[in-house]
Every structure is written in C-alpha cells, then in structure tokens.
Amino acid sequence: MRVDGLSVRYGRFLAVDGVSFEVGPGEIVGLVGESGSGKSTVARALVGLVPRTGTVEGVRRGGVQMVFQDPYASLNPRMRVGRAVAEGVREKGERRAAEARRLLAQVGLDAGLAGRYPRELSGGQRQRVALARALGARPDLVVADEITSALDVSVQGAVLNLVKELRRDLGLSVLFISHDLAVVRYVCDRILVMREGRIVESGTVGQVIGSPGHEYTKALLEAVPRVP
Amino acid sequence: MRSLPARAGLVLVLATLALAVAGPWVWGDAAARIDPDHIVEGHGSAHFLGTDDAGRDMLARTLAASRLTLELAGLATLLGVVLGVPLGALPAVLPSRAARPVSATISFLVAFPGLLLAMFGAIITGAGARGAVVGIGLAAAPALARVTQTLAASVGAADYVRAARVLGVSRPRILVRHILPNIAEPVILSITAQLGYNLLGLATLSLLGLGVQPLDYDWGRLMHDALPRVQIHPEVIAGPALAVALAGTGFALAGESLARAAARTASPPRGEPRVDLPIGRGPLPGAAVLSVRNLTVGFGAVTPVRDVSFDLAHGELAGLVGESGSGKSLTALAIGGLVPHPGRVLGEIILDGRPLAAHSRRELGTALAMVFQDPMASLNPALRVGSQLAEVATAHQDASRAEAWKRAVDRLGRVHLPEPGVRARQRPHELSGGMRQRAVIAMGLMGTPKLVVADEPTTALDVTVQRRVLDLLAEVNDDTGAAALLISHDLAVVATLCTRVLVMYAGRIVEDLPAADLRRARHPYTRALVASLPDLDTDRSVPLVTVPGRQPSPEEVPPGCAFAPRCPSAAEDCAVRPELVSGVACHHPHEEG
Amino acid sequence: MRRAARFAISAVLVVLASFAMLHLIPGDPVRAAMGPTAPADAVAARRAELGLDRPVLDQLWTYLGKVATGDFGVSALTRQPAGEMVADRLPATLQLVLPAIVVAFAVAVPLGMWTAARTEHGRSPRTELAFSSVTGILTVLPEFLLAVFMIWLFSNRLGWLPPAERSGPSSFVMPVAAMAAGPIALLARYVRLEAVRELSSDYIRLARAKRLPVHRIHLRHLLPNTLTAALTSGGTVLSSLLAGSVVIENVFRWPGLGGAMVDAIVNKDYALAQASILVYGIIALTVVFAVDLLLVALDPRSTLRETG
C-alpha cells in the first residue's frame, strides 16, 4: 500500500500535513509520536472515518480495517461475540458462522466464546475479538491504533505476540500506531516518527532506534524509561 | 427496581391502567345519573365527594373519566413519538452536513416551553380535545427528539459503530443492529415518562378550558368545572386533582427512575471486610517518615487492600507497582486519609512518628503532598492557578493574601514553569498537561513536605514530558529531603525514579526489593512483569513472556497465594498464604544461579 | 457572536411562526371568530380590515412592519389595540415571574449543594431518598395542582393568605411559591447531580489532600463549577416557569398576560392571541439567551468549547 500526500484538516487546523509512506505486503510499520502529533488522525483518515486529501493506492475498497484503543468501547455490548466477528464476513448463513468460529480460533480464542457477550470477556480477550472482526473482512492492511495501551503489561505481551504471529501465518500488513517506542521496536519492521502532522523520520527499526537522525527522535528515545 | 420511587411509580401505573379499563363499565352509569335533590353539593352521605351542577356524583365521574384521560394522553404521546423519535434519530443516520440543520431545529424547539407550543397548537385547531391532543403531542415531540438524539449521538460516536462503518456495514443496518438496541430501553422509558407529562399537560389545558369541551369530560375538565367552587367545596375538586396527580406522577416517576436505575452500576455487596490479621508485628522503627501497618481497606465485604505493611525512610524514593485492580491507588488514598465513604480503613498509618489521625489539619496540609493521575482534572477549572496554590498558605500558614501569592509565584518558578508570574494569573485550561502537573507539585511545595504521594503522576503525559516530571520529582526529593511514594502500573517509570520497589498483587505486597535488583527479582510475579515488558534491548526474535489467566478481582481472591493459579512454580503448599519474609511473599522464590 | 446570531435567527423564526399561525387555521379564521350568524358582508369587511384578502407575501411585509412598531391589530373582543392590552397586562405577569426566578435559584442551589455534600458516596441514604422522592414528585406535579392544594390549605383551612387576585404583598406568596416549586425541585436535582460528580473529581480530592477547611472546599472550589452546570440546564427550567405562569394566573385570577391569552384562544380573538404568544415566545428566547451570556461570563471555557 502506498500513501501519498495525505492531509487532514479540522476547520482551520491542519492535523496531518502531507504525509507519504508505504506499507509492503507482510510488513508491520510502526507510527510513533506524542499526543497531538496526528498519528491517530492518519489512522482514521486511512479507514475513511475523517475526510482526507491525497492518494492511497494498492488497497481495495474496504481493504483497510482498524482495531481501536479501548477494548471496552469497541464492541457493541448488545451483540454476541460471534455476530460481531461475522459482521465483516462476506458469506451467508452457516458458512458465515463457521467463518466466525475459524477467525476466533485464529486469534487464539475458544470458539465457544462466540455465544458470549463482550462484558463476559477480559480486556485482552476483547482486543483479540476486535482483531478477529477486522480479519473477517480479509483486509489488505490492518491499522492498529494504540491497541495495547489500555491493557495491563502481562496481557499486552500476549496481544503483541499475536500480531507478530498473524503476520507470520497470514502475511498480514499492519500499520501499528503507538506512543510506546519499546513496543513499536519489538513489533515492527520499519518505523515512522510523526510530529505536528508531519513524518520527521523513517527507516528500519535498526536505523531509527540504533542511529536516529532527527533531534526529535533522539529526544523520544532518550525519554523512554527502562528497567536497569 | 430497588428504588422506592420506581416501585411506587409502577404500582400507580398499573392501578391507572386497571382503572382506565374498568372505570367506564363500573361507574359509567353512576357518573351520568342526575340526582335533582343534590345539586352543587359538597361531601355528604349520598355523594362522598359531592356533586356537580347537574347533581352528578363527582367520585363516579372521576373514576369514569379515567379512560378518556388516558386515551387522550396516549394519543398525544403517540403523536409525539411519531414526530419526535424519527426526528431525533435522523442526525445519527444522515451525513453530518445534513444532520446539522436537523439538530439546530431540535435545539430551537426545545428552547420553548412545552405548554407554549401546546397553546400554539390550540390556537390553530381551536379549543377542544382534538386541539389539545395535537398541541400536547407537538409539544412532546421536541423533548422526545432531544432524548433520542442525545442517546443516538453518544452511541453513534462509540468505537463499535466506527468499527462497523470501517467494515462497510450500511447506515440503515448500523442503525438497526448497533444504535437501536443500545438506545431502545432508555427511549422507551422516556416515552413512559412523557406519557405522564402529557397526561398532566392535557389536564392543564382542560383546566384552562382549552381542552375537552362539555358533554365529554376528562379529569382536567372536571377540575375546570369545580375550580370556581374551590372555596366553598374544596372536596369537589379533590377527586380529579388527586387522580391526575397520582396517575401523572406515577408514569413520570416510573419512567424516570427506571431509566436512572438502568444507567446506574451495581453497588458493592454489604458486609464487613474480612481479613485474617496477624497480631503483633515488631516495634515501630524510629527512622521512618511513614509506617504503614496491616493496612486493610474494605468496601462492604469486598477488600481491595489486604494487610499491607511497609516503612518509608526519610528522603527515600519508593515505588508501588501493580496492575489495575491490585489496590495500589487505594493504598495511596488511605495514606492520604482520603478513602471515600463507605470505605473502611483498618490498621495503622503513622506519619512522622504519629498516627495520621493525630495530626492537625494544618500539619497534614503542609507536610503531606499528593499528586494525582490526571493533570486536567487535578486543578479547579474555575480558579486561577496561583490562587489554588496560595490558598494553602492562607489556610494553613496564616499568610496574608499578598504574601501567599508571592510564595505561590515563587514555587511555580521552582518547578521551572516559565514566566511564573503570568502563569499564576492564568486558569488551568490555558496550561499544557505537563505544566499543570508541575503546578500540582508546586502546590505540595507551599508547605514543608515530608512525604509526597504521587498516584500515576505521569500516566496521562507524553514520554518526553513524563521524563521531565520524573526529573522534577527527583529534584524535589533532593532539595527538600521529602520522601516520595510513586504509585504506577509502569515498572520502567518506577525504576527510573525510585531506589526501592514494592510490588502489589491482588491487594497485597508480594515483593519489596531494590530497584537495581528488578532483573534479579525472586517472586515469580515480579519476574513475569519484568520479562513481559519490552524495552529497547528486548530480543525481537523470541515471543514476549506472557502470564496465563488474570489477576483475581477483590471479590474472588483465594485464601492461599493469590498468584498460584498463574504461577509456573506453584505447588501444594501454595494453598497456604505466604507471608512477606525478607522481601518476598512466596513459598518457592526464584534463587539466583 | 454565534449565540447572538442564534438568538436573532430564533427571534425571526418566532415572528414568522406567529404570522403563519393565522394561516394554518383550517377554514376561515374570520368566519370562525365572528360566528356562523354574522352577515357575509361584515365578514368580508373584517377580512379586508385585517388585510387577509391580499397576497400572503404582501401580508407578511405589512405584518413585519406592524410588529416592528408594536401594532398587532385590534382585539375582536374588546376593540382595543392588542399591543396596548399586552403592554397593560405584561407587568403583572413579570411581577410573578421575576420573583419566582429569584426564589427558584436562591432555594435550589444551596439545597442541591447541601444534599450533595450529605449524600456523597451513598452516605446518608435516608437524606437521599427523602430528597429524591420529594423533588421527584415536585418536578412532575403540575403547578396548578400545587396551587389548588395551597389555596385549600392556606386560605380555606388556615385562612392565612388571600385565595386569589392581586392585592397586598401576601397575595403574591402562593402564586410565586406554586410557580417556583417545580423549578426549585428540578434545579436542585441538577445541582446535586453536578455537585456529586464534582465532589468525586481530582481537584476536590486534591483540595481535601491540602486539608482545606470544608466550607472553603464547598464555597470556593465546588460552588462556581456547580453553578455553571446548574445554569446550563437552568435556561429551559426558567422558560418553563414562564409557561407555568399562564396556568397560575388563571388559577389565581391574576390580571396578567396569561389570563388574557387563554381568553383570547377560547374566544378566537386572533389578534390578541397572536400578540401574546409572540411576546411569550420572545421572552422565553430572551431568558435562554441571557442565561447563555451569563454562562460565558462565568465560565471562559464554554466559549472555547463553542469555537473549538
């Protein structure tokens, strides 16, 4: 997928200012930045939730799916898990239900959960359901917007592992948005650093983390807290 | 269901419905019977509530009028629903450009009192039952539209609706599958309440003579006819008045209180906190600025903090780490003496050698500083930043206003706020998140802090800002010698600032170790936490360590070791709870080598 | 600015609605007003007098011009100018409405805050139950029932207050109380709800951590934020209080605009009905607008939210 000159304007405020990047097949690209950098706006623009200018090539209509930050808000409380997962599936009847069960298994959930309501699931399980729902539409690209920042550390690891597994098994392309450089470094192949609506640095993980070129990237890396 | 108003409302609703069905059958004849011997009378043996100007029994007329009254209210409500609910649902379905004029129309109509709209309708259709129903129905429509609109808008903005849009689900389908099921219940309840308001509104119009006209009679009309006699025979008006009041308030109360009950979350189960407290733990060490002994916090029978004990030396920087629900924030609140009702705090908290309760307000206000998670919410939006600092000095240190203000500006400068004089005069919304958190820390510096309790002070901040706030806390510790207790879910943040780490799990401290030893932790839970946290050196080719299962919630903490069900080294003896001995509460701690 | 524009647009809409009202009446309003026995040429003459025989747009023009000069035509009933009648009656209405507004705020805000402080976090469930039951009933109970009950109790049984009509200061007590009771209950509920929410906010927690005296926390920290919240919902409460005055005036036979309007509607006196509904509409809008302005003055953030 290729994005060229993507801009988003909220009234007079230019939230995203001519952003261009590519996500190759089976590639996980990280988009990092602080609050207000425009990274989440990029996500919303890519899936068509906010109007944008610029071109997006290499994806079918509806070929970009999204997983949201808050696993408690992103599932309809009155819809069973199975139906929620089946919403994006382009099949009918029994094949649809079977596909939903297959998707649940793919994200490491018991197919028996299909009959449950979201409130009966833990945060980590819900985030898996959200991933399964996105996969149901057979997307060319999944945009993951801060999908682990609402989860506890011990659960976060499992979701990150799942994202890597899905890439390995399905050749999934992911735009992985996060404020956490350590998480992005662990999951992604390439990193884009965003600030005030622009991409200020991009490169492979080794380049960006190992030898950052931009002052802002250096400052970000410097500030990452770590266990001695 | 539990609330009294809801129950009373339901009983009244059922009674009204029963009366409306049975009323005209049972009392219809009696209500029409003319008694020439008792015209325009008050209470008497033959006519309990008196008679009207044709000698008809008022009690029977009141009971018989129930059906017409309810029918008209029902019709008006139906009209209101048919007009209002679709109008309110429209903005959720339309694209935003087309939705704006619709919501503007609703706002415009809602600004008018319903009765005025009803009068407008009555002028057009002329006085009479039809006009009143149309008028009240018209008046009810904007209110129902607003309720529907607000509910639909909040559901429409939910992430799951966004997700459905991204999946390509059509707008009508989103409305049917996602929005309607989530707003149906509250909308139906507001319609019920509206039926009550419409009943009262129709009664008002009939009372004014604008509603039901003679030959027909509803409760309002009966009151209209009886009103001139209110001075002589007040009981004549009592029947219809009471009926209107009971039926109208019944519907309104039932609808409103059920809607409120549906929105409310369950309250904690009643009971006493149950914790087996060990008795007698060694004497208090003198050097500690803070000693927490057997601290237990309970809400009813739920005990989120269990038997927590630790000491903090003067000037020590300690971190309290745990995942959500571990009880760490409640521990912080307990140390600050701020556990909200109905929480019960057991055990001892000794600050600077004396129990918390023995300190005066003034001492605590200057010696103990607290910082909370959300800098947007920690400052009062209505007051200037400077005066929120200054009030500490005026309230506790007998400073004059000018003196207090000067000190406030000085402290804002000490936390490196640029142009402290200008910032002090601003209101919180004019400051960035990082600046606000600095201002809160500066507030703690107004006195002479001995202990700073910071509950997730950097969680809402960006990494670069987080680093500066952590540096500031270290600086404050350095300058003032105040000890600090940093509560956080983030092991790395705690390790950055603190020299010592306390790890909490399911309400208890499971390990107490130097921050430098985190990678050599002995408790399996601490080890798992450290291993599952990726940092800038983590090997990317191996999967992250994960912990199966989840932390038990405070209601379901097992009697033995709470971590045992998730623990790789759990054994039979873990059914007995391990005590915190030499820094670790585990029967099978990890040993180096 | 946007608020002023909204007010202006709403006011224009109200004027248009009052004009359209006459044309929405099914059949011939003049015939309806003069009755079926009136001779045809008298009806036609009256139609011409009212200008109803001219094109609609033309009529609208004239109407707007007349409204601007306060000329609402002549009342069919009294043959007096309707504008003059409205001007005569309005002061009596305002004499009730304005004190009722003052009383509503003066009682509701302290009551709501006091209950909030007492019932925070489910403390004192009895106070909460009493408060929610009493205010719950008062909010839904129409003012006329309260009025009738008060007349019965204070005039018939106790004989403390005059039952109706405007006389000395004591004649104001019952109408004002009956009008203010509902708004008091509704406002107090808003205030309590808002105050309870604010009480659990971090800034109150921080103020408590600073060990400020309780009265200082309530008056300095809680009150301003609660007040803005109360005002936000106060606009509609106050305009419904205005509508309540129509009923109250009728029950107490008060010589205000409400009684005149009801008589006009019953007797199909369209000129007077049109004039009075227009005046009521404009007053309701003005109240909402004034509350909006007050909010901006009290809470600078609300302008930011508006433009942001």
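Per-chain numbering from 1; labels A, B and C assigned in written order.
Note that in this section a residue touches a chain if its C-beta (ideal position, glycine included) is under 8 Å from a C-beta of that chain, and two chains touch if they have at least 3 such contacts.
All values reported here derive from a predicted model rather than from experimental measurement.
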Contact graph of the chains (line, ring, star, complete, other): line
Check: interface with higher C-beta contact count, A-B vs B-C, is B-C
Taking each chain's centre as the mean of its CA atoms, the one lying farthest from the centre of chain A is chain C
Rounded to the nearest Å, the gap separating the Cα centres of chain A and chain C is 52
CA centroids of chain B and chain C: separation to the nearest Å works out as 31
So, in the complex, the side of chain B touching chain C is made of residues 3-5, 108, 110-116, 119-120, 122-127, 196-197, 200-201, 203-204, 207-210, 223, 227, 230-231, 234, 237, 241, 244-245, 248-249, 252-253, 256-257, 267, 336, 338, 340-342, 361-362, 364-365, 368-370, 372-374, 377-383, 391-392, 395-396, 427, 429, 440, 443
Given the complex, residues on chain C that touch chain B span 10, 13, 17, 21, 24-26, 32, 120-123, 129, 132-133, 136-137, 139-142, 144-145, 148-149, 151-152, 155-156, 163, 200-203, 205-213, 216, 220-221, 224-225, 228, 235-236, 239-240, 242-244, 246-247, 250-251, 261-262, 265-266, 268, 270, 273-274, 277, 280-281, 284-285, 288, 299-301, 304
As the complex stands, chain B meets chain A at residues 158-169, 177-178, 181-182, 323-324, 462-467, 470, 489-493, 495-496, 515-516, 518-519, 528-530, 532-536, 538, 540, 543-547, 550-551
Residue positions on chain A within touch of chain B in the complex are 34-35, 47-49, 61-62, 64-66, 68-70, 73-79, 84, 87-88, 122, 124, 130, 133-134, 136-137, 152-158, 160-161, 164, 179, 181-183, 185-186, 205, 209, 219-228
